[in-house]
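The two complexes that follow have chain A in common; it is paired with chain B in the first and with chain C in the second.
Up next, the complex of A and B:
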């Protein structure tokens, strides 16, 4: 199953401006502490990390734990330095890997 | 006869309610001690002082499945003085760690927002590490009416 992602990056920014980056990815984030209706533990299935790069340089990375709500939504900030691509990579349990990117024009 | 019957069913009802209550096994919970251990794993032996960091979380939460939090650190975010990392911990969730983020001077503004799960009425702690190696923290007590994490799907 391909998870749906949503990235919100301003299309245009002035050089040196601090911009907000919002990211959302669809994922159940099954925390591994619950049991099904016959009492069997439900195995953990979460996204464990998200890394964000700006023209190949890492600007933000995070480790997620089961306490992150389903469909992880993360907002952070960066300085718009040059025109290029802001790329995301999410990795998780059971070989989960998703990439996504957004373009930004810096004037 | 009807009287006796109702008495039996009342007893049965009481028994079933009691049996149901006994079947509820409390799952493993993180305790303040394990939260302290998780914090020590991040901070090592460094002193953690209150201040500089602000954790915004509603003090009264209706639904623990998605609680919006924002962590802000007062920092100029220059190449010499910036925030290296921000961590969030809970006292009574099954696992103390919530999120760990790595930032750098390129962030421009040391602020992150996300949505977390809370299992119980408890204290939530945010910790940051600055580029000079000092650690700062903020604690917020949160009252919860509907718990997340531990409810089993029906």
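Up next, the complex of A and C:
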């Protein structure tokens, strides 16, 4: 099944307001250190980075490592400056790329 | 030792033996019958950390909601040689499936025994969609079950008032009271008699299935009540029943009956 994402960005905010942004994505985050039931190593399959942009400008990015649990939940704060789109991009092993975005109206 | 003293001593030891026997009897009765008073029942949710509660309460932070999204897509997807989706017959789940999950397991006349929600979904797949059933604990089956469970969130758990279910509830109860495994424990010895006490740093829960399928942080994924039951059985070093076994379903039925009236939290988050 395709990766699912859940984005929580307030639909409306006042200019200059500090807003919480929450993101959740489905991913197994297989750390690459485990073996299957016949002793064969299970290859690493993780998300390696997440980048968030606000009207095209990068406002947050992070690198993810094997110790991060499945379905990474990343939350951070930013200042609502203008009406527009907050976009997320996750990239990972085996060509994993997922985009998601949310609209915000700033008054 | 005077002759007169002997009967008195005998009498004392007879009383002691009697008291011991009575306490053993009381203990064995307790092991089988210490049901939690209805108003003292509590969901594990109430004992979770503030962080875990926040995770369950926020649908954009609850990782089980990712599975719900999969379930919603599956509900709409045409499947099997009949090329019918769940929605083609049942309609909008938000409207039509409200309260359904709170009534499972329910009696299936064709099978002559109760079936749980997962089995009901698979029966539907086989008989109406002509599709192959999903395997237990597959991503798909858990997703559909979580999606249906969500439609009953906040509803009171209400096992069907069906006389045909009575003997199966009793079988589930008997299994719950049955000592099992190398540790020779019954479910009730922990979850009734020692509820709320500490076990390896954790509070012993009352074992009410209020939020299945759950997202368990330890699993890093969604799992069914049967998976949880198997965990417990392995913990008491008993041979766990296979997925879909009638013993499991009877146990689920008894547990839902035991939790009757409590609010369904599906999809819940548990540590």
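The definition used in the following text is that the second predicted complex is superposed on the first by the 106 of 107 C-alpha atoms of A that agree within 3 Å, B and C clash if a C-alpha of one lies under 4 Å from a C-alpha of the other, contacts with A are read in each partner's own complex, and residues count from 1 in each chain.
The rule is simple: a residue touches a chain if its C-beta (ideal position, glycine included) is under 8 Å from a C-beta of that chain, and two chains touch if they have at least 3 such contacts.
Note that the structure is predicted; figures quoted are calculated from it, not measured.
Enquirer: Does chain B (first) or chain C (second) touch A:70, or do both, or does neither?
Expert: both
Enquirer: In the overlay, answer first, second, both or neither for which of chain B and chain C A:26 touches.
Expert: The answer is second: A:26 touches chain C but not chain B.
Enquirer: On chain A, which partner's contacts cover more residues, chain B's or chain C's?
Expert: When the residues of chain A touched by each partner are counted, B comes out ahead.
Enquirer: Have a look at where A:81 lands relative to chain B and chain C in the superposition and call it first, second, both or neither.
Expert: After superposition on chain A, A:81 lies in contact with chain B alone.
Enquirer: Tell me which partner A:59 touches in the superposition: chain B (first), chain C (second), both or neither.
Expert: In the superposition, A:59 contacts chain B only.
Enquirer: Report for A:11: first if it touches chain B alone, second if chain C alone, otherwise both or neither.
Expert: The answer is neither, since A:11 touches no partner chain.
Enquirer: Looking at the overlay, what does A:38 touch: chain B (first), chain C (second), both, or neither?
Expert: A:38 contacts neither chain B nor chain C.
Enquirer: Using the superposition on chain A as set up above, list the residues of chain A that contact both chain B and chain C.
Expert: On chain A, the residues that contact chain B in one structure and chain C in the other are 69-70, 73, 75.
Enquirer: For chain C, which residues are in contact with chain A within the complex?
Expert: Those in contact with chain A are residues 55, 58-61, 63, 65-67, 69-70, 73, 139-140, 143, 217, 220-221.
Enquirer: Would you pull the chain A residues touching chain C in the complex into a rising list?
Expert: My answer: residues 1, 4, 6-8, 22, 24-26, 29, 69-71, 73, 75.
Enquirer: Flag every residue of chain B that touches chain A in the complex, lowest number first.
Expert: 27-28, 65-67, 90, 93-95, 97-104, 106-118, 148-154
Enquirer: Tell me, which parts of chain A touch chain B in their complex?
Expert: The touching residues are 18-19, 31, 33-37, 42, 54, 57, 59-70, 72-79, 81.
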